[in-house]
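Two complexes, one shared chain (chain A), two partners (chain B, chain C).
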Partner chain A sequence: MEQIVLDIKKALGGNDDFFIKRDYLLKKEVLLLGLSTLVDMTKTKTILQKQSEGLISQGKTSESIFILMGELFEDDTKKAITSVLEGKLIIYIEHTKKFIIYEPVPKGLNRSIEVPSNESVIQGPSNSFTEDIDTNIGLLRKQLTSNKLLVHSFTTGKNQKTKISLLFINGLVDKELVENINSLIEKNKSMDISNLQSMSKMLGFSSWDTVSKFNTTELPFHASQFLKKGRVVILVDQLPFALILPNLLWDMFIVESDRNFPFPIMITISCLRVIGALIALISPGMYVALVAVNPEALQIELALSVAQSREGVPYPALVEVIIMLVVLELILEASIRLPKSVGPTITMVGGIILGQAVVEAKLVSNLLIIILAATTIANSTLVGAQSSLSIRSFKYINVILSSLFGVLGLVVGLVFISSYLASLTTFGKSYLYLNIGRKEQ
Partner chain B sequence: MVRSLHVMIMYVLCHLGLIFFMFPADIIASTEQGHWFPILIGIIVHFVCLLTYMKGLSFFPKKDILSIFSKSKKRVTFLFFAPVLLYLIMAIIITVRAYAEIVTLVFLSHTPLWTIILLLLSVSAYISSKGIEAILRTAFLLFILFFPILLFVLIMSFQNVDWRYAIPFDTDLGFISKPAYFESYFAFAGGFLFLGFVQPFFSYERKYVILSAIFLIPFFLFSVYIPILTLGQATASKAFLPFVLIVDSINIDWLMFDRVTMFFLLSLIAFIILYLSLLMWKAIRIINYYIPKSRPSYLLFGLSVAIFFVCFWIPDWKDVENILFMNSFLRSYVIIVVPLSIYYIGRRLKRKDTNETI
Partner chain C sequence: MKLSNKKVIYLICSLLTMVLILSGCWDIKDINHRLLPVSIGVKKVDDQYLVILNIPEPIDGSMETKIVSAKAETVSKAVDTISRNMESDVYLLHVKLIFIEKETAEDGINDIIAGFMRSRDVSPKALVAICDEDLQEFFNNIKINAEKKGLSTYNYFEKNAGWNPDIALTRVWEVFRGIHSYTHDVAIPLIRSGKDTTMDQIGSAILKRGKMVEQISSNETLLYNVFKGESGNGKMEVMEHATVMLLGSKTDNIGRLVNNDAHMESLIKVRVVILETKGEPSLNLIKEEINTLISERYNKLFTKLQENEADVFGMGQFFRNQIPRDELKNWRSDYFKNMKININVKIDIQNEGYLKTT
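Coming up: the complex of A and B.
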């Protein structure tokens, strides 16, 4: 065997799914190299034979046929190894030191395109992204048929090769933004990307930001609308969602598929989400402030009934709220972890605990249950998993400040959160911008 | 970058935070009748200063007032900026101390004063550490969140008004000699300086700032006249914070809250925190200009700690009023000297330029 084949064998030979098969193609001796777990060999061979026969019948020489079949390389071991790992078939022509990287029939390792599992759509296109990056780009291209849609692809990672694609609409997007992202990806090409944390490290974001720099969506329709607004979409292989850069505050309140409703209805729905965010932030803190520090702010009848509902509760309002909020967060987290068949049990148990038992045992007040329910429901109205998580965590600032300073603490907490949101920027684009795209000329 | 809207909102919020507390009491204390006249004089002074200042600044596009003086020696410019810096720091001290006192009076009677001072200072220091862009954007968010509440309470405060208290209209110039009248300028003086600091970061159109100043006129008038129209001059002059007292007396049946004051005050305090952060940012800009090597965040931390101890050290309201009065001299410097000198230097530079081109 020749040197180059020995080298490849040395690098990959430890794998049981790596194969080297001797074969004849166009009356020449060739070696076929690949991974049997990624390449469907039977089908590939049939197609290979058919293709070469077809080309022979047109009277081509074997040399030119090889060039027509795939990319021809000479003496590039590294390239050959990466290609094998990416699921390509290497056709090595013996005694020539040349090899072809051939696109084989892949094993069916991808699931089909389904409806989204984490985002629900009312009256809108509901194809969702899958793990395969090429399928995802295809989905986007289908949504957005335009010659201005550009795709830049990179292969990153030292130990783990990952394909990343950058999509944007030329002419609508801020060029500086694209250049920034491009150069950062080029610069940090050796980083292994498998999740959003490593992705944000690659793009140089602080890892201590509570609000995600990426807006994520599972829906090609949403991604395409963001592209039209001048955003940049990043697709990472094996991540079944698109990353939209930059993430803006108003994305939390506005969904593209709302545009299928009449305009006034759309505005009302968006307002509802804003109210939802405010209630989720304010109501637990407000409860603590009004019960523990500033009961005189309430009308006397209300203050009395609040006091009555807390009768027999042995600890301060802060402890009460924190206990119940933690239980609530636990239920939320548990219902994500549990398999779908066991999930309803948690809902039932949680419902009983939160609804009845805990009040009857005089551990928390009736009113708090209402507050908690309002908070959780309000929090769920927000769009996007990333944003609603950050709002979910911000409310604790308000709870703690309210327990110290009453309603003043609540307001200062809001000021603090506002200033934090105001100080966030992504590549010089503020989190509070309504829209970052350039006007179409 | 043009940020007229943000500058406009910032300008409005800063003044709103200041108007409703000391200003009505000062005006009511300075004259017996015809309160519109001292307010009007104040507004005219405000406009003249603002226009002179902005006209002066317009000779130097993309420059802040620190870099306007960059050609002259640093020691000389220090003489010019030291009073401004002192004014800013004193304004922070007065504002923090006074508002902490108001907060304890109105709704946190059991909370120690120093914790409130600490809270106000730390949040405003945090905001100012994020830079002017973040301050202005925060202003935008706070405007959306709190301005509707403020407007609602303001409209509701007309509930018990008796318009006959507005007469007599005639007035005299007696208020000029009263110290309280000069203290009332605290509501004007602090806000407009920032227009001279933001220009390297972004620009604004002058007409929008003037629009926001016009927008503020009714607030100046209402803040004084609502207490007078409700209580009459004789009673209103006895009140420590007349407007807060009026808001406290509002009764709205359908609202679940008994004390609307709380919401009114709290939204103003949100604006005050913003104002404080702006003052801190300006102070740090000046200090950093003279000590360029130090990091702004350290300076900010040092300044906040120092201010905290000074505030802690001021024992009661009488001393706050004393400082407010002592501050009057610095205030007149900021109101009169700073705009005029910027205007003068700008004019001279322009004349020089035109001479050279000829």
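Coming up: the complex of A and C.
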């Protein structure tokens, strides 16, 4: 065997699914190299035979046929190994040191395009992204048929090869933004990308940001609308959602599929989400502030009924709120973790705990249950898993500040949160911008 | 200034500790450990103050009233004594009503009001009322009558509940202003416990520089409220030929100084609805009747006020820019007493009833 084949064998031979098969193609001796788990050999061989026969009948020389069948390389072991790992078939022509990277019939390892599982659409296109990056790009191209949609692809990673694609609409997007992202990906090409944290490390974002720099969506429709607004979409192989850069505050409140409703209704729904964010941020803190520090701000009737509902509760309002908030977070987390068949159990048990038992046992006041329910429901109105998580964590700042300084603390907390949000920038674009796209020419 | 990571962490840690140490949050008492009285009664007995608190206590879904009292040299000391003897701390933040006994008010309530303003325990928005019977008895009667409705004393004065346009609404800060202002006095509701109802309103007390000097009737209090711009809505007026209901009113005042004599030109615009008539009086007759009724009442009231030199309408406000400050302090005695008042009433009958619709 020749040196190059030996090198490849040395690198990949430890795998049981790696194969080297001797074969004849166009009366020449060839070696077929690949991974049997990624390549459907039977189908690939049939196609290979048919293709070569078809080309021979047109009277081409074997040399030119090889060039037509795939990319021809000479003496490039590294390229060969990468291609094998990507699921390509290497056709090595013996005694020539040349090999072809052939696109084989892949094993069906991808799921079909389904409706989104984490985002629901009331009225609007409901295809969702899958794990396969090429399918995802295809979905986007179908949503957005335009010659201005550009796709830049990169292969990154040292130990783990991952394909990343950068999509944007030429003319609408800020050129500087694209250049920045392009150069950062080029610079950090050796990083292994498998999740959002490594992705944000690659783009040089601080890992201590509480608000995600990426807005994520499962819906090609949403992604295409963001592209039209001048955002950049990054697709990562094996991640079934698109990353939209930069993430802006208003993405939390506005959903593209709302535009399928009449305008006044769309505005109302967006306002509802703003109210939802405020309730989620304020209400637990407000409870602590009014019950513990500033009861004079309550109406006397309310003050008396709150006092009565707290009668017999053994600990201060802050502890009461924190305990119940933690229980609530546990329920939320558990219902994500549990398989769908057991999920309803948690709802039921959690409902019993939060609904009645805890009040009857005089562990918390029943007003707090109302507050908690309002908080959780309000938090769920926000768009996007990333943003609603940040809001969910911000409310604790308000709770603690309220327990120290009352209503004043609550206001201070809101000012803190606002100034933090105002301080966030992504490649020079503030988080609070309404829109970053350029006007369509 | 660029801080290193270590410094930032130190800074955050020290800020957090400071927040915890400096906030004093361990002094905070939860709402169920506070007693929230709705009304407070103050009476002067010899050199001491008798303070009575009316504390609504929610017990098993209904509101019970608790009356506690203490005697001490000052009001705050008395509240402190009560607080010491109760199982929870007394917080006066929710006090909506301050009752002062009539005799105490006649002696002057300057110290009590100044104390409330100074300590800020009681909101300056709390209402002040004068009690025309023994305070202890009054509170006991409230407790009997208001059983299961602990907030009735408070609702009595609440605008969206039991308030009527012939009850004066005067707040602590207004009384305080009345004590110190050269040109403004106040009227305070005069209350006694009722036989069947919790409280009976018998008119208003005129406070001049913090001392009760005169008493006016409910009808006159209505004029006071109308003049002040409080809504007179829903008040009935019965006359010889018709009964009308007041819908609203507006007052325009022009004060002029002629030869160092104060002249007041008042235009009162009243909107009314005719409810009942006797016979078939013309609209002009009804207007005429209302006009005489209102101007007569006003004139009577003014004479009374001028005799007492108590400017509850704040007429002096319209002369503030015409009288020099060192003379203004004699406004009540020099100017108000001899002020000429000309009252014009303009009546707008908005609705004659639905007799003509067929």
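Some observations on this one:
Definition applied: the second predicted complex is superposed on the first by the 441 of 441 C-alpha atoms of A that agree within 3 Å, B and C clash if a C-alpha of one lies under 4 Å from a C-alpha of the other, contacts with A are read in each partner's own complex, and residues count from 1 in each chain.
Note that in this section a residue touches a chain if its C-beta (ideal position, glycine included) is under 8 Å from a C-beta of that chain, and two chains touch if they have at least 3 such contacts.
Please read these numbers as outputs of a predicted model, since none were measured by experiment.
Within the superposed three-chain model, A:434 lies out of touch with both chain B and chain C [touch as defined at top]. When the shared chain is aligned, chain B and chain C each come close enough to touch A:296. In the superposed model, A:336 makes contact with neither chain B nor chain C.
In the superposition on chain A, contact of A:423 is made with chain B only, not with chain C.
In the superposition on chain A, A:304 contacts chain C only, with no contact to chain B.
In the superposition on chain A, A:408 contacts chain B only, with no contact to chain C. Touching of chain A by both chain B and chain C, each in its own complex, is seen for residues 293, 296, 298, 300, 303, 404-405.
Those residues of chain C whose C-beta lies close enough to touch chain A in the complex are 19-20, 23, 25, 28-32, 34, 36, 38, 56, 58, 63, 91, 93-94, 96, 123, 150-151, 154.
Residues 293-294, 296-300, 302-303, 401, 404-412, 414-416, 418-419, 421-423, 430, 432 of chain A touch chain B in their complex.
Put simply, chain B touches chain A in their complex at residues 103, 107-108, 111, 115-116, 119-120, 123, 126-127, 130-131, 133-135, 137-138, 140-142, 145-146, 255-259, 262, 266-267, 269-270, 273-274, 277. Of all residues in chain A, only 290-293, 295-296, 298, 300-301, 303-308, 310-313, 316-317, 403-405 touch chain C in the complex they form.
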